[in-house]
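All remarks here apply to the structure that follows.
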Amino acid sequence: MNVNIRERDGVTILDIQGKIIGSDSLDLKRIIDEQIASSAEGEAKLLLNLAKVPMMDSSGLGVVVAAYTSVQRKKGRIGLLNLGKSINSLIVMAKLITIFERYNSEDEAIAAMNK
Amino acid sequence: MNVNIRERDGVTILDIQGKIIGSDSLDLKRIIDEQIASSAEGEAKLLLNLAKVPMMDSSGLGVVVAAYTSVQRKKGRIGLLNLGKSINSLIVMAKLITIFERYNSEDEAIAAMNK
Amino acid sequence: MPEEFVIKLELPSEMQLIYVLDSVVAEIVKEMQFEEDAAEQVNLAVIEAGTNAIRHGNKNNLHKRAYFEFHVSNECLTIVVRDEGEGFDPDDVADPLDPENLLSTGGRGIFLIRVSMDEVTFSDHGRKLTMVKYK
Amino acid sequence: MPEEFVIKLELPSEMQLIYVLDSVVAEIVKEMQFEEDAAEQVNLAVIEAGTNAIRHGNKNNLHKRAYFEFHVSNECLTIVVRDEGEGFDPDDVADPLDPENLLSTGGRGIFLIRVSMDEVTFSDHGRKLTMVKYK
């Protein structure tokens, strides 16, 4: 798993590449935690671009849930961009589909998260 | 391993994709033998495009040697196109580097094989 | 492919080696020509089972090993995962779909195994997991 | 990565399974961060050894198995390949670089193993091959 971080219109976009399995989730958690910690109250806007993530296991999903909770606590927002079929069904199975903001285009995501 | 077969200016080009290891060599041998069998004396011109072959084992190399011998017998020609570093060094190690015609461009190969 | 055979893999308890397991499963489901959805479900279940064996069973102790068997037949793939830990009671695991657990950061592994595979059986006090996926 | 550990793989003698072996080796050399050339040499040697074990040793008999051990340490990768065949005399193999063998269609496997790896030892009458690659 590789993560590239960029900013766009006040939103921090994490472009993740590769499966998120095993110990990858610890690495991802560290990166996300840093981003949240360095944002001021109400400013944490995180967009996880999963276009190049073919698969995620339950620990990966746990990291996304943890990120959701931390961001909520800081009155920020977190969005999931470009979910593939398998990660989408993972989220459906875990009954988290109504919890996460999901987007299929970056422009749309940025616009929505800045509203 | 996948093989796509096309014709260009009297040369049969085999675009091979994927490693040639294990039982792949039997499949490749069957395909090459068919091509040679269906060519008339002096007309068998075979170009193996290895651009998308990251690796070949000794049985794969054996198939290429067998193809060389059959083609010679039919007064035809065989060329190797776009050898990667690892297959090139395989051929060097096997002391076959002076035996095979090698090309780095399809145009060049076609021109040379039609001379 | 022949009638029925077994592939075995044995890993020391190091989470970074989960990628070795992942690649073996990927090749087997490809070779068996599982459909894409089923292939992904098998892949997920094996990763969850391997992770549990290494983390919870063997507690990342490099001297303890995780054992994987892949029984390939024409109709199905049967996977056996064993660890060398203290075992646990698989029936005593919290339901991750219970509203109070929905936002929990863990506890979804066994649930995902159960929904991904067609048959799931724990034995030897949870140290042995047998799971089947039909084609 | 930890100091030293062993990964084991066991395959029935079916040539199509060479891709399982291939994927395991690929993950191990990646994890060990071998340089590209060395990684390719290890990959080639293992494929040749696995092919020989399955084809020549076990004669594609599905009830006979090929055993692979990958001993990973900080300095090197040691690979042990065993088969359940009748064995052979590795010193009695024709030299593929001999001019009269140059255009032979086979007989290059053991030669390629020897040039690709740093240490190559046959034992148990050729049924066991131990090979080492340093980083």
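So that you can tell them apart, the chains are marked A, B, C and D in the order they are listed, and the count of residues begins at 1 in each.
Quick note on the criterion: a contact is a pair of C-beta atoms (placed from the backbone, for glycine too) under 8 Å apart; a residue touches a chain by one contact, two chains touch by 3 or more.
Computed from a predicted structure; not experimentally measured.
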| item | value |
| --- | --- |
| Touching chain B and also chain D, the following chains | none |
| Between chain D and chain A, distance of the C-alpha-averaged centres to the nearest whole Å | 43 |
| Separation of mean Cα positions, chain C and chain A [Å, integer] | 26 |
| For chain C paired with chain D, centre-to-centre distance based on mean C-alpha positions, whole Å | 28 |
| Contacts with two or more other chains, residues of chain B listed in rising order | none |
| Contacts with two or more other chains, residues of chain C listed in rising order | 16, 19, 22 |
| All chain pairs that touch each other | A-C, B-D, C-D |
| Complex interface listing, chain B residues touching chain D | 19, 21-23, 55, 57-59, 61-63, 65-66, 68-69, 85-86, 90, 93-96, 99 |
| Sites on chain D touched by chain C in the complex | 1-2, 5-12, 14, 16-17, 19-20, 22-24, 26-28, 30-31, 62 |
| Chain A-facing residues of chain C, complex | 15-16, 18-19, 22, 37, 40, 43-44, 47-48, 51, 96-97, 102-106, 108-109, 111-112, 115 |
